[in-house]
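Got some structures for you, see below.
Both complexes shown next keep chain A, but they swap its partner, so chain B is in the first and chain C is in the second.
Showing the complex of A and B:
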C-alpha cells in the first residue's frame, strides 16, 4: 500500500477554510471539491459509496439508539415477570379482527397438566388485548431524579400480558429483555475496545517509534499473548472473579479481561503504521525542524493514520461482543440480574428447554445482526481509510 | 533451514515457561481452594469436617505453601515425572482424565482444520477469479455470516433442527450402543457420523475468515504485471492461475494456522459443551467451576502448549515453502 499522506491533515491552519464550506457542498459531485476537501470529508465520500457499510451504519445507529432509549422502547421494565406465563409462546400481532381495527394481540388460555403441573398456553381469540403507543406502564428513571412511565408500545392496560417474542423461564417478556440487554451487550464492546485501545496504542506506538530492543521485547509479548488460546484464558480469569461482586464490578472486570487479549491486534496495527511512517518525508522534516518526539507523534503521525485506527477499532468490537456472549452463555461471564444477550441465551443451553421454547434463541439473532453491522461498517471504513489512494 | 528451526525452538522455551506460569497463576487466582469448596459442600449436606482432617488435606496437597513452591512442585512433577497431579473432583489422576479426552479434542481440532482448508480453498479462488459475480457475492455474504454467528448459537440451531425435523437428538461423539464398546470399524463409522456436526459448526468462522484472506491475496497477485506477461505469452488461464499467483497467495494461508488454531481450541470448548462431546472443553468448564485446580491447570497448560507447537509447525512449513521467510528472519 502506498501512502500519499498530506502532512497538513491535522493542522488547524489548513482545516480553517474547510470549515467555511457550506453543507450543500457535500451533495455536489466530489470531483470538483476533491482538492480542497479535508481528509475526513474524503473518507466520508468514499465510505458513502460502500453500500453494505451504509446499511451497517444504519444498523449501528438503530442498535445504539435502542441501547440509549431502552426503558422507553421496551413494553416492560427489566424486573417485571409473571410466573403464570413461564415459557409462554410468542403472540401474533393482529391489526383487525371482527371488523374492529387497531393493533392487538390475543390473551392466553392457561391449562395445567394434572400430573406434571406444567402450564400450556394457547391463544384465546375472545380475549382481545389492545396495544397502544405511548402507553402508561412500569415507571423508569430518565436522568437522575426524573422518572417517566410512558412506553413506546405496550398494552393499553398495563396489567395485560403481552409477549410479542414469547416469555422466558421466569415469565419475563423476551422482547423487553432483548431491548434491555442491548445496553450491556453493545457497550461492553465499546468499553473493552477503549481499554484495549489505550494499551495497544501506547505499547504499539512505543514499539514502532522507538524500535530496537524495546520493539523486540514488546513484539515478543504480543506474540506470546496471540499464541494463547483465548477462551481457556478468559474462562480461567472469569472463574477467578469473586462471586459476591456486584453487577458493575463484574461488568468492568469482564471488560478488562476481554481487553487483555484484544490489545495485541491493535498494537500490531499501530506499530506497523509507525514503522512505515517513520521514514516518510514529512515526519523526517518535522523532526529536522526540531519538533520533539511527542509533537511528532501526536501532531504529524497520528492524524495521518487515525482513520486506519478507527477502522481497526470498529473491527475489534464484534469480537468483544461475541466473547461476552460466549462467556455469559457458559455462565462465567455476566450473571443475572445483569441482562445481556449472552445472559439471556444461557437459558437456551438445555436442549429440552429449547425444544419447548425455541424463541429463547432470539437474543442470538440480535447478536448476529449487531456483529454484522459492525463488520460492515468496519470493512467500509477500512476501504475508505486511505482516501488519497486512487 | 536448520538454523531457522533451531532458533524458533529456542524462542519456544521461554514462551512455554511463561505459559505454564500463567496457567498456574490463573488457577491460583480464585479465593479459597478446592478444600474450601469441599467444606462448603459438606456443610450444605449437613456434615462437618474437623480441623485436623482439613489441615491434613491441605498439607497433603501443599495448599498452604507459598505460590512459587506450589508452582515448582506442580511443574517439576509434570516435566520430570509426567504426573499432572490429582483431580479432587473426580478422585482420579489428572493424567488419566486427559488421556481419555485429549485424543478427541485433537481429532476434532485437526479434522476441523482440514475441513476448513478443503472448503475455503476452492471458494476463495473462485471468488477472486470471478470477482463481483453472483457466486462471489454469495460466498462473501456467507463468509460475513459465518464470522457473525457465534459457534454455540450455530450448534444450538443445528441441534434444534435435528430435533424437530429429524426427530433425533444430536450430541456426543458416539451412539449409545457404541459408547462403551471397544474400537471396531463400526465404531469408527459411528464416530465419523457424529464428528461432522461439531466439525461444521467449528469450521464456519475459520472458513469464512480464510476465504476473505485468500480472495484478497489472490486479487492483489492477479493484478501484478507478471500475470499480464504470462497471459501475453499465451499461457492458459488455468495454468497462469495455478502456476504463479496461487502459490504466492497461499503463503499467508499457511501462516494463518497460527491464529486459526487458538481460535479452534477456544471454539472447541463451547461447542463441546453445547453438544456434550467427550473432549477437554466440558472437563475444563467443570473443573473451573469447582476449583479443581490441577485438572483446570493441566488442561489450560496442555491446550496452550499444543497451540504453540502447532503454530511452530506452521511456521516451519511456511519457511520450507517460502525462502523469503527463512532468509528474511536471519
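Showing the complex of A and C:
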C-alpha cells in the first residue's frame, strides 16, 4: 500500500473554510505495520518476544504431538510386558561398537539372587540389539478399522527387549508407557477446564453486565461454591460413582463435577472486567451509537479481555494435570489398566522400590515439563494480553 | 525551625557561592530506551535558575518539560537515564555540586531531595497514601530527615499546614487525604516539599489537575511562599496564562531543547521564536468572543514522537517561516546574549543568507478590543441573536434532576442522595452554541450525559424538537430512544479511552451506520471516507487502529463518529480539555467550521472559560447541580450577575504579565460543599463574599431574569441569574478588569 500524499493545506488559520476538505495533519508518520495490526497480531508480536513463553509453546506443541501420535512414537504397545525384565534398568544407546555403525543397545544378562529370587540385570556387550526407524512392531489402530504396525523407533526384531528408560514392576517399557500416558494426562482435564471456562464466562458476564439482583444472586452462589472443600468432595464422588463404570469414565465424570465447582474464580474475574468496562467511555459510546446489548457485549466488551481469558484458560490446564497426577498417585483418580503419568507414578510410592528403580520417577519429570510449558505459555499470554497498555 | 531562620538560611545560601547561579543545567541529555529505539527526551538543555526567581518551563506535552525537572533530582523512571550533561547545584551544605554525577540512590542526593530541593507533582491525590493521615505522612518525613521526635514532628506539621494556608490545621493534621479536596491535597504536597526549608522548589504542573478557582489560590500560595522565604521556583506548565501570572523568567521547550528563553515581559511582549509565537497565537484569550475573534490561529500538525526527531531545526516541519534549504538541514545554534536565548536560524545573521531578512516582524498582539469594537461585536451578536430567536428551541431541559443514591450498611440501605443535578432548566436554539461552565463536580457532565441519555435523569423533561413535534427524551426507551439518539450525539473528553483500541477507524466511525442499518458495504465505506476527509483525516486511515494516532487525530475520529449520523445537536463534553494548546485550536476551528457547514447545534461543556468565550453564543454557569446564571456570552463575561460567575472570571489566569497583581482577584475557598449534604438556601453562600446571613442561607434563590434588557432581545435570551442580591450588587466582569487596567 502506498503512502497517501496529501496536498498541503497551508496555514489553516488563514485557509478559508473550504480548505476543510483537504487534510490539516500534514506531518503524518509513514505507515507502519503496527498501525494496521489487529489485536491478535499485536498479541502475537509481544508473545513472540517473550523467550520463555516461546520455549513453553514449543514444549506444548511437542507434548500434544506426542499425545496425538502416541502409538506410533512408542516402541511398544501399552499392553506389552515381559516378566523377565521387571525393574530392568535403562539401557544406554550406542552408535558404534566393534567398528560397526548403527543405533543399537545391548541386551541384558539376567541373574537371580539365590536367596531373595530378585532379578538383577546387567548389560551384555556381546548381545547387540539393533534399533531401527519405522520398524515393524505391535499393531495399533490408526482410525477406526485402519490398523498399522510401524513404530518410529524400536528393535528391528520385535521380540528383542529394549528399555530405553528402564522397565516397571510388570516389565513394561517405561518409555512407551510415558508416551501412552501423555494422551490421558494431557487431555483428561481439557473437558473439565472448558466446562468451567464456559460457566465462568457466562455466569460472570451476566453477573457483571446485568448487575442488580441477578448479580447478588450469582455472587452468593459463587461464595457457596468457593466454600466447598474439594478434596473430600473428590473422595466422596470417587466412592459414590457407579462401580460398573470404567476408570477413565469415572475420572471423566469427576472432572466434570469438579468443573462445576471450579468456575467461580473465573466468574469473579469476568464480572469485575464487565463492571469496569461498562463505564468505560468506548462502551458508553458504543451504546450511544445505537448498539444493542448483544452487540455491545460481543463486539465491544468481550474482545477487550478475550486475550486475558485465553491466558487464564492456559493457566488452569496445569492445575487439572496436577490434580490428575496427585489423585492417581493417591489411588483415587485413574487406576490401572488405564495409563497416565499419575498411574505410572503410583508405582513409585514405595521407597524401597524407588531405591532399586529410581527411573520410576521419570513420569514425574514429564509432569513437571508439561506443567512448566503450560505455565510459561500462560505467563507469556498474560503479559502480551493487553497490547494497548505499555 | 521557624520561618525566619529559613529565610536567613536561604539568603545565606545565595551569598555563599555568589559566583554561581542556584541551579544550572548545562547540556543535559536524558534518554529512554523504548521499543522504538532510543528516545532522547531531553536533548541538550541549558537552563539557569537564579536565586529567588521563578523560572517557568513551558511547552506542549512530549517536549521534555517534566523529564527535565525529574532529571534534576535523579528521579527519571526506568528505562530513562541522564546520559550526558551536568546539573550544577549551589548547595548550602555541599557546595557547588553536580547532581547528575551523584549516585541516584546515594546519601548526598537524598540529602538534597529532602532538605534543599522540594518537588511538587501534578496529581496531588495520587501522590499521598490514602492509608495514613496527612500529619503522619508529613511527620514521617520530618522524623526521618530532621531527627525530630513524634511530638515535635506533629507540631511542625501543623505549622507547615498553617503556612500553606490550610484552615484549622490542628484538626486537619489528622485527616486522611481522601477526606480532603484536590486543592487541599496539593497544599499538603507543597507543605511536604517545604518541610526541609528548600532553597529551590520544583513544581511539575502543580495546578493542571485543579479547577481554575483552586489554581488561582495555589498560584497565590506559591507567590506568598516565595516572598516569605526567598526560595527559587522551577515551575513547569503548559498553560501560558499561568506563566504570565507567576514567572520571572520563561524557558520555552520544544522536543527536548530550550528554543527560547528570556524574562517573562520579553517573551510575552516580543516573542521571537516561531514556536513561541505560535503558542501565543493559539490560546484563546479572554475578551475575544466568538464573533469578534473568528478563527484561532493554529500550529500545523503535532509534536513528533521523540524517536522521529526531524533533521535540522526540529520545529521546521511545523514552522511557517522556515527557510528552505537551511532549517531542514542544519540545526540552529544557540544565540545567547546573556539575558535571553534563542535557537532559530531566522535570528542568526551568520546562518542566514543575504536574501532572507534577519529576524521576524514584531508580532502584532491583538489589542484588547476597544469599546467601539465591543459595541460593534455586541451588535453583531444581537443581530445573530435576532436570527436565532425566530426559531423555537431545539432542546429544552425542564426541571431535570439527577440523584445518585448512596447505599451503605449490611442491607445496602439507602442512606442519602448525591444531588448531581437539581432542577436544571435550559434551552438551546437551533444553530447556536451553548456553553456550560463550572468547577468539577458541578454537574455539567452529568447534564450532558442525561441529554444524550447515557444516564437516565431521575426526574424532569428533556424536550427535543427535531424534525417533528417535541419529544421528551427522558421518557424514551428502546427503539424510540435509539432513533432519537441518531440526532443527538456526543463527543467525549478523552480521545484515548473513548475509542475502542480493537477496532479500526473504519469500524469505529462506521459503527453507528451499521447499528442503525443506515448503510452497508461500499456505501458504508464511502460515507466513512467522506467523513474522514471532512474532519481533516486521510481516508487511507480507515484500516488503521487508533493506537497509530495522536490525541488530536483521535479527537477528530471522535468527531467523525459523532457526526456520521448527521445529527442536529452535538454535546461536546470537554472535547478539547485533554489536548495541547496548538491541537486544541485546530479542533476548535474544526468544530466551528463543521457547525457552519452542517448546521449543527452544540452544547459545549468546558471548565475553560477562555475557550467557552471564544466558541459559545450563550453561556450557562453551573454550581452544585444548579444553573446559577445564563446569558449571552458577552453579557456573562462583561456583566456577570452572580458572585460565583464573577469569582470564576477573576480566577482565569490572563496571558499578560503586565496585568499581574492588579488586586482584582476574588478568591474562593478550596472546599466545595458536599453534594450529599448541601448548604441551606443559596448553595453558594458558604463561599460567597457577598453573602448576607439571614438572607442567603434562607430560601434558595430561583433563576430569574435580571432587570437589564438588551435591545432586541426576547424573553428567551434574557440574562438570568439565581442570586437573591443580584440587583444590589456591582459585580465585575472581564471588561471591568480591563477598564481598571487602563
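Just so it is clear, the second predicted complex is superposed on the first by the 338 of 390 C-alpha atoms of A that agree within 3 Å, B and C clash if a C-alpha of one lies under 4 Å from a C-alpha of the other, contacts with A are read in each partner's own complex, and residues count from 1 in each chain.
The rule is short, and it goes like this: contacts are C-beta pairs under 8 Å (C-beta built on N, C-alpha and C of every residue); 3 or more make two chains touch, one makes a residue touch a chain.
The structure displayed is predicted, hence computed values, not measured ones.
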Partner chain in contact with A:361 - chain B first, chain C second, else both or neither: first
Touching partner for A:284 - first (chain B), second (chain C), both, neither: second
Which of chain B and chain C A:304 touches, first, second, both or neither: second
Partner chain in contact with A:348 - chain B first, chain C second, else both or neither: first
Contacts of A:37 with chain B and chain C, given as first, second, both or neither: second
Partner chain in contact with A:78 - chain B first, chain C second, else both or neither: neither
Partner chain in contact with A:295 - chain B first, chain C second, else both or neither: second
Chain B versus chain C as contact partner of A:235, first or second or both or neither: first
Interface residues of chain A shared between complexes with chain B and chain C: none
Touch list for chain A against partner chain B, complex: 223-224, 226-233, 235-237, 239-240, 242, 318, 322, 325-326, 329-332, 345, 348-349, 351, 354-355, 358, 361, 364, 367-368, 371-372, 375-376
Chain B residues touching chain A - in the complex, by the definition given at the top: 15, 18-19, 22-23, 26-27, 29-31, 144-145, 147-153, 156-157, 159-160, 163-164, 169, 171, 258-259, 261-263, 265-267, 269-270, 273-274, 284-285, 288-289, 291, 296, 299-300, 303-304, 307-308, 311
For the chain A and chain C complex, residues of the former touching the latter: 1, 3-4, 6, 11-13, 17, 20-29, 31-32, 34-39, 280-282, 284-292, 295, 300, 303-304, 388
Contact footprint of chain A on chain C as seen in their complex: 281, 295-298, 300-302, 304-305, 308, 317-318, 320, 452-454, 482, 485-486, 489-490, 492-494, 497-502, 504, 511-512, 515-516, 533-534, 536-540, 543-545, 547-548, 552-553, 561, 586, 589-590, 593-594, 596-597
